[in-house]
Amino acid sequence: MADEVKSPAPPPPPEGEKKPTAEKPAAAAPAAPAKPAAPAKPEGPVPMPWTSPLVEKYRSQYGSGLDAQTYLGQNYFSVDRSLIPDILRLLRDDDQFDYCVDITAVHYPKREKQFDVLWNLYSYARNERVRVKTQIADGASIPSSVSIWPTANWLEREVYDMFGITFDGHPDLKRILLPDGWHGHPLRKDYGILQQDQEWVQINLGIESGQ
Amino acid sequence: MLTQFMSYIGSNLTPGSANNQLWALIYVFIIFTGVSVAVMAMNWLERKALAHFQIRLGPMRVGPHGLLQPIADAIKLMLKEDIIPAEADQFVFWIAPMIGLLAAFAVYTVIPFGPSQAVSDMNIGILFMLGVSSLGVLGIVVAGWASNSHYPLIGALRSSAQMVSYEVAMGLAVVSAILMTSLNAKGTGTLSMIGIVQAQQDQAIWFIFKFFPLGLIAFIIFAIAMIAETNRAPFDMAEAESELTAGYHTEYSGLRWSLFMLAEYAAMIAVSSIAVTLWLGGWMRPFPNFLQAPAWDLTFSLFPALTFFGLAAIAVIGVVRMPAHSFFRIQRIGLAGFAAVLGFIALLLLVIAVGGRSADANLAARFNQGIGYVYWFVLKVAVFMYLFIWYRATWPRYRFDQLMRIGWKVMLPISLSVLIVTAIVGVLVK
Amino acid sequence: MNPAMNSAVNAGMVPVATPWFFYVLAGLAVASGVAVITRRNAVHSALALIVTLLSVAGLYLMLYAPFVFAVQLFVYAGGIMLLFLFVIMLVNVERSSKERRFNRMWPVGLAAACALMALFVFAFVKGKALFPDRMISLPESSNTEQIAGMLYGEAGRMGQYTFAFEIASLLLLVAILGAVIMTKKKI
Amino acid sequence: MSVHSNDSMNEMSNLDLETPEKPYLDSNELIINMGPQHPATHGVLRVILKLDGEKVLGTECVIGYLHRGVEKIAENRTYAMFNPYVDRMDYVAAVSNGLGYCEAVEKLMNVEAPPRAKYIRVILTELNRIASHQLWLGTHALDIGAMTPLFYTFRDREEILKIFEKYCGARLTTHAFRIGGCQYETYAGFEKDVKNFLTHVAPKIDEYEALLTTNRIWLERTKNVGVISGADCIALGVTGPVLRASGVKWDLRKAQPYAAYSEFDFEIPVGTNGDTYDRYLVRMAEMRQSLRIIEQAVNGIPEGPIMGKVPKVIKPPVGEIYHSIEAPKGELGYFIVSDGSTQPYRIRVRPPSFVNLQALDMMVRGLLVADVIAVIGTIDIVLGEVDR
């Protein structure tokens, strides 16, 4: 143990993110033009197509359902909802994205498909991050990835709790941070910051209002 | 009444043996008060010592250096609302702390503070002690059950399993000490607490050093088992604060809770007394058989006075070192008064020690002797009390299965083999 | 030594208020014995049983049998009753207290109790000679030694009950081993 | 067991309750509610334990008692206004939280903090890592029954908090960094204070180890308790010292260096068994490594500005960014979606405690109640971060 602790040498190559597209130049280069433009409605860096053998492989397999882009050196796939369980499983099994960092969602109420659901993945072997995005409509469900990464369990529960997105095949999909009987999903844009479930508060806490 | 009172004075028998009920009552009263005061002092001492182990000051506000803290605590606990949970079994909940307290205090009837400084010298003294102290666990178990809550119940279960397991090792260690008492001309041992100490005196050796490693091993077994028996760290499974919130007394509050505390500390003093009696020569001063000259007698009889002088000196240092601020005026006066009381007691003891040095049977001499006995006994017990605090400050808590494993797989075989080897050696020596 | 005290010693351990103690202890034993079988709650019954055992222990002490008293305290009240409580606490007391206490077996029980009572009375009447009016008072101090002598023998001689005692301890050992084996699921 | 009614258990769902008709002499499971008020659940964690005697058959964590809706608040605050809020998540490592947030926003705006600011950030963050580990050690030891280390670690943590206080006026929720750099220049004597701390604390770490590392009871309580393999850690997304104690040599400071970490020489301590004891050793070694980093940083701290070129009104371009740092507890990530306005459109915090806590069930199954306490302590959760 003691020897283990003392031994140096980090096994994963640092700066691995450079592999697909060089991050530092990408981050530094647009910085220069972005600055002067900042006062006058900045455009900032724009997402650029992401090219790598990985993308080619998936594109040849799935074709139009998949779009790969890179922004500020961070890569992401925008995929069609129908591809979701397959592509996640392939990313883990074939491409060693064995660590599901995070699952979250973003609400765009004006869009037809209101929700972006995001999987933030990391590969220990490649030291590389990738995000997988998909759009779903309000009320639509999405396949659960608990069978792919056990860690998705609580993360999906939190997404369900906060956005009301249901995950098919989740072993125990229920609220995690809010109480079980709560109505409403607070991270939706139509849920006001002062809003609360008055009925729940009155029944369970015995007070008029939690504000 | 008066004759009964006067007749006992100067006797060298215990009130029980002298069949003097009045003095027995007086002794009971003295012991009850003494133990209660000792528990309070222990409470203060534990908080202070523990605090200093842990680089903090401990109680400092109530009285000089928190000296009045136990009194404040006692008053607070007495005035506190006494809550009985609605779902609890009222009667059992009410009676549980009494059982514990009764068992803890009943033991003191046979503890020999001196050859005649005990309520009674039962010829089954040590058995009585073990028997009654084993009743104490009933209070804990019943309290845990009556609270009708999960944590107390688990605490009670743990505690009952623990007590039963450690009582075995403890009993075997005690038996090996009792075996040693039979190494006399008559060939019969004794179970009497006073008899055990006298046997050590006759054999001119503390049983801890008898048959060298054997007595020591038995003593160590007992010393470990007694921590487990009193539910103290690192064996405080039954009230493991971080696991079971407070174990069996989670639901208790106020006076009832304080009774549990009183019982716990009283039991600690009681088991320490057993250890002192069985292995450390009880009331005997160091080397009573070798340093017998009157000069030595005088030297040792000065110890109580010196101890109190020392305490008074510490108090005086406290007075001197107290910051010169009007806020501390009352505290300084109080501490000075305390120092004066201690000094006065020391002077009194000095007078008695010097006045009672003639070996003839006058009252002062007997009184002086009695003080010596009680002093050395209490001093030895105090060492154990300090060890209890030390253990608590140093060690993490054992896990329950580890505790049971140690009890059954380590302590029991060792104590059994020590017992057998002691018996064999005892026969061979004869 | 003081003459007054000497006389007290010579008077020979006169117990205080003996009949009073006896009746209190006997009454307590009977009352708590009744409570043992009438309480609905098993824990209450167990506590009452402890009181019974303690009163009986007190009676032993009055009979100058301090060793038996201590063993009663140590083994029964302290050890066995603790295990009783341990088991009872694991049993669902709620349910047992709701159940009907006296089921159809009660006439049999009553008959058995009457028969036992009759046996006691018969033995008492028939064997009155065996029960002297006064106890043979053993000197208190040597009681334990005498028991030891009976059980283990003295001065190299086998005691009266040594063999029986050893057989009993062997039986207990067998019982313990049996219990251990039975609780071990896989042997 | 014979405890009568217990209504609080009705909400149990996936831990199947005992059958209603009990056998007369039964030994059915005992269900215990550990928390939310419990001395050893480090705040308001509630763990429902299904026990067979004292053996744990299953657990369910009920969290959210400290949920303050930090992510919702973020959407209603400007970027700069939200900065103090992140301190309240993992309040024992507030500096790390602030570093992660500031760097994420900087990355989104494509600015970079000047080197001096980066060095100050590294020094404070590593100090905070030591403080966090010290607090962990104290409470973990207290959970296992050793009272004394708590006070020793708090004594030394105090020195760190004093440096924080001198630097930015706050001890716990420091709000030490600003987007684009640091607001405050180091105070006069900062370097001396830090160097004093370095010489002062190194022997103190030995002191903690003297109390615990070879203590028999400590070894019995921690060895082979709460074992989790490296593969399980990865599958469960567990990061930080827990992952490293299971033998996976992965530290974001090395794998994807941020701030100025690429300039320092330090090692990643790893364990072999993935048990509670290894996690303890790894954290102790990490404290020493942090001292090394601080020493290098404080000796090599460059001169220069401490604030990058950041506009007064922070208005990142439309886009999204994920940035994560190695917080004391594991990977702390911020996912920020900007719609080009002054307020973030969405901020998602990837909390290490929350994800690591998920491994509790796997780690404690088959162990005893006392081990649950030890394992909760060893995961090192802060409920402020779990619940956000």
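We call the chains A, B, C and D, going by the order they appear; numbering starts again at 1 in every chain.
Assume contacts are C-beta pairs under 8 Å (C-beta built on N, C-alpha and C of every residue); 3 or more make two chains touch, one makes a residue touch a chain.
Predicted model only: the values in this text are computed from it and were never measured.
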Original post:
A-D or B-C: which has the larger count of contacting C-beta pairs?
Top reply: A-D
**OP:** If we define chain centres by averaging CA atoms, which chain lands farthest from chain A? Would you check?
**Re:** C
Subject >> Approximate Å spacing (C-alpha centroids) for the pair chain C, chain D >> reply: 61
Subject >> Whole-Å gap between the CA centroids of chain A and chain D >> reply: 22
Original post:
So, what's the distance in Å between the C-alpha centres of chain C and chain A?
Top reply: 74
Original post:
If you average the CA atoms of chain B and of chain C, how many Å lie between those two points?
Top reply: 30
Original post:
Out of chain C, which residues touch more than one other chain, so two or more?
Top reply: 89-90
Original post:
Of all the residues in chain B, which ones touch at least 2 other chains?
Top reply: 145, 153
**OP:** Return the residues of chain A touching two or more other chains; collapse runs of consecutive numbers into ranges.
**Re:** none
Original post:
Any idea which chain A residues touch chain D in the complex?
Top reply: 1, 4-8, 10-12, 14-17, 27-28, 30-31, 34-35, 38-39, 42-45, 47, 71-72, 74, 98-102, 104, 106-107, 118, 120, 124, 127, 129, 131, 149-151, 153-155, 158, 162, 171-172, 174-180, 186-187, 189, 191, 193
Original post:
Of all residues in chain D, which touch chain B in the complex?
Top reply: 1-6, 30, 32-33, 38-40, 54, 141-148, 150-152, 155, 211-212, 215, 217-218, 220-221, 368-371, 373
Subject >> chain B-facing residues of chain C, complex >> reply: 1-2, 4-5, 8-9, 11, 13-14, 16, 41, 43-44, 47, 50, 66-67, 69-71, 73-74, 77-79, 81-83, 85-86, 89-90, 140-141, 143-145, 155
Original post:
What residues on chain B touch chain C, complex-wise?
Top reply: 3, 6-8, 10-13, 17-21, 89, 91-92, 95, 122-124, 127-128, 130-132, 134-135, 137-138, 141-142, 144-146, 153, 156-157, 160-161, 163-164, 167, 187-188, 191
Original post:
Where on chain B is chain D touching in the complex?
Top reply: 50, 53-56, 87, 145, 148-151, 153-154, 158, 233-234, 236, 240-245, 392-402
